[in-house]
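Chains: A, B, C and D, in written order; residue numbering restarts at 1 for each.
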Amino acid sequence: MPDHLSEIRYELALASRMLANEGVLDAFGHVSIRHPDHHGRYLLPRSRSPQLVEPADVLEYTLDSEPVRAPKEKLFAERVIHGCIYEARPDVMAVCHHHAAAVLPFCIAGVPIVPVFHLGAAVGEDMPFWDQRDEFGDTNLLVVKPEEGRSLARALGRHPSVLMTHHGATVVGKDLRELVSRSVFMCDNAKYQLQGHMLGKVVPLSSGETRLAGSINAMPNVVGRTWEYWTMRLEHAGLSPPRANRRRGSQSAHHKRKWRG
Amino acid sequence: MPDHLSEIRYELALASRMLANEGVLDAFGHVSIRHPDHHGRYLLPRSRSPQLVEPADVLEYTLDSEPVRAPKEKLFAERVIHGCIYEARPDVMAVCHHHAAAVLPFCIAGVPIVPVFHLGAAVGEDMPFWDQRDEFGDTNLLVVKPEEGRSLARALGRHPSVLMTHHGATVVGKDLRELVSRSVFMCDNAKYQLQGHMLGKVVPLSSGETRLAGSINAMPNVVGRTWEYWTMRLEHAGLSPPRANRRRGSQSAHHKRKWRG
Amino acid sequence: MPDHLSEIRYELALASRMLANEGVLDAFGHVSIRHPDHHGRYLLPRSRSPQLVEPADVLEYTLDSEPVRAPKEKLFAERVIHGCIYEARPDVMAVCHHHAAAVLPFCIAGVPIVPVFHLGAAVGEDMPFWDQRDEFGDTNLLVVKPEEGRSLARALGRHPSVLMTHHGATVVGKDLRELVSRSVFMCDNAKYQLQGHMLGKVVPLSSGETRLAGSINAMPNVVGRTWEYWTMRLEHAGLSPPRANRRRGSQSAHHKRKWRG
Amino acid sequence: MPDHLSEIRYELALASRMLANEGVLDAFGHVSIRHPDHHGRYLLPRSRSPQLVEPADVLEYTLDSEPVRAPKEKLFAERVIHGCIYEARPDVMAVCHHHAAAVLPFCIAGVPIVPVFHLGAAVGEDMPFWDQRDEFGDTNLLVVKPEEGRSLARALGRHPSVLMTHHGATVVGKDLRELVSRSVFMCDNAKYQLQGHMLGKVVPLSSGETRLAGSINAMPNVVGRTWEYWTMRLEHAGLSPPRANRRRGSQSAHHKRKWRG
């Protein structure tokens, strides 16, 4: 992997751990980015819990989800989710598949997540559902065959996210930071929607509000604020990814200085 | 900024981080105080997540929410919330705008928060709602125009707090410590009210009880206890704001000594 | 205070911090024990959040809740709760008053907490309610007058606990460790009861089961296990009370050794 | 105990602490494994909270739950749960009894836990209920007599888990790692099922899906990922069991290196 990709591999490890630290990912789930130099390839870590991903774990795949170099490591069984979406959606530069606790109740009850607060508008107006059994009958619900991945990508369509019945969700973004904030706010939105439902009648944002508020999460001022915050929370938890070319001692001192001022 | 303001800037950074540590603020939200020497000015941090605010981040604004000195930093887009409330409410000395998870379900279901326990009486008897679309139609729900800020201030009226549909809440106080405890107890009250609603019929405090219990949070004995507790929790989490004029080593030792006895 | 009370003051500070660490107490609430040598006196910390209580904060009171020595410190306004219960209940050796988040929904909805699991039987079969307004009309809900304390003690009767409408709960025990475990299990029971109620119909333990299981929490085997566990959790959180007569360095080393083996 | 068992005792302490760290166990609950050399014996820690179990705490029992060597330590009163299940189920190699907060609401409302997401299929299709009072009338709900243990084992039958009314659950596995992941995913499944129920109608997996997805948690790729993740979370929390034959300094350095990379 060429040297100028090292920062991108670091960002992907950072995003992966950040989403774990914010409760979107747990033992499972994965985040990928499209290869910056080859539109027909993507970068995804080897099979490992997202909190543990390191820059050196990041592997390169073609869009049919074959590793570019013969791998020594175990690969994610569900990598076709990423390849099929990059294939179907040229505008998508980053993908996250997860089983977030906030989202699972909706996948179980078959209730759509609708935008209920301004930042939640990042999930869009009509979130589609995909039920693997509609097309494939009884399976173990893992998305491992190319045709399963393509079916999921069709259900996603032009949307920012798709709910997967009895399984989880897949979220896309036009860059890694939009993807991360959309994934976090989708979970926040789901929690508030469920509790709002318990209190009374949930009224979603109007179409106009959803359209106007749907890009707040990608405003430079907002991305700057959230990325700094989630990075610092990860650092404060002692869970930042390692930098290959830096000694740990100096790194920690640097982190502490930024956080405490 | 004159030197005697340094303690006030420290207190504002402390309040900001404290409210983040207690779950009222997250990546977003902001706290301001009226300028102690200029009734027509207020102090608000630069655009930054509240957990990260430092005394040096605090800027000075006129009541039309223009920075007194040309800023090098990014400013909060929603600072008109603060300016318009200080303009409309001469008795208000501190303002907090937030999207607390405890409060959002009420903003979504359109259900008023009512005082359900003695400390929750700090939120007052009739909490008003403000829906930006009533006056301004479809927006991205951010309060950025002066007329939006003035409309919100009108909805707040003489109340201690206002709920913002699909957005969050804004809370005011006669000083910073009353504001902090009111904000925390409003979230506690909301959580208990939602769960009480799930159990059975919620009966709020009577008008007389609300009036009598509404100032418990500002009793010197109570403020002393909560401020010490929330400060120590922040210190114990390693998240206190930095003191410009103190070396870190001696500060930490001092904090540990106070906490452990 | 005589020297042989130092261990008791330490245990009271430990219990106070333990109950805060387990989520029963927060900024508020207080724990007392009856004086081991004077049945007509009790020991209660000065006004301070329970997580911060130190052995040196513990003061001595007569049963009319007057301090035995003229205090330099602020006192808890609600200390009559303790005095009036020790007066009315010669069998009670320890008292805890709290506003636990788990219990407040029941105090708001007026729904009794009933024993729903074996350890929850420690709360007894029929938990009484006390509503201050029944006898005293509109108040700020704080229990500060002797007649208010006596009214609460009458409502408690022979029960292990009493719920206080719009306020919280008061729990009693025949010793400090029974009190602590009863307070913790009462909160667990309340959480499970509320969620059971959301799932379906809650069926409490039978009278016979409640009587038989009601003393599990005081079995030596169980008390030994819980006290070690809660003590270690407090130590691991770095929140144990200070020992006046021990250097911190050696104490920490000792704690780490016990915890890690 | 022969020397080659030391790794097994370490794994049992690790599993015990891991399940506590993931919220399945608290002050109570216990995990056992069948003796690797004697099919008619099992290994279970002395009576101690699971977060605190050390390899040296592990004792050896016959299947009638008598200790093989006269014990100096206190024993778990409910050890017959383990012995009676190993007796009745030759295929079972590991047993966990717990009172997880996620599961208790179902034990109280008498609502079965059904598989609602792919990983939750590890709990099987028809989870049985066992109510101690059906056969034994009023008890303190502890399972201490051999006939109570045998009755529970009969209720478990060939299932992977049994719910115990007003008490908790008992889970079995064909090895320790399957047991741990099944216990964790059963709690996740219960949380999602309860919240799905609050949102709308819960539709479980089909029989075919349950059968196909029911072994995902035991796939080598998945076990590798979860075991690394839960181990690292425990290490990061500073709660790993001690290794008798390793100095602490070198162990911590080793742990940090693995975690941070």
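We adopt the following convention: contacts are C-beta pairs under 8 Å (C-beta built on N, C-alpha and C of every residue); 3 or more make two chains touch, one makes a residue touch a chain.
Keep in mind that what you see is a predicted model, and the values were worked out from it rather than measured.
Engineer: Return the chains common to the contact lists of subunit A and subunit B.
Structural biologist: Joint contacts: the list comes back empty.
Engineer: What's the rotation, in steps of 5°, that superposes subunit A's Cα atoms on subunit D?
Structural biologist: 90
Engineer: Round to the nearest whole Å and give the separation of the Cα centres of subunit C and subunit D.
Structural biologist: For subunit C versus subunit D, the centre distance works out to 32 Å.
Engineer: Could you put a whole-Å number on the gap between the CA centroids of subunit A and subunit C?
Structural biologist: About 45 Å, centre to centre.
Engineer: Which subunit D residues touch at least two other chains?
Structural biologist: Answer for subunit D, listing residues that touch two or more other chains: 197-198.
Engineer: Okay, in this complex, where on subunit B does subunit C touch?
Structural biologist: 116-119, 121, 188, 191-193, 195-203, 205-206, 208-209, 211-213, 216, 221, 224-226, 228-230, 232-233, 236, 259-261
Engineer: Please name which positions on subunit B make contact with subunit A in the complex.
Structural biologist: Those residues of subunit B that touch subunit A are 27-28, 47-49, 51-52, 54, 56, 74, 77, 99, 101, 104-111, 133, 137-142, 166-168, 194, 197-198, 238-239, 241-242, 248.
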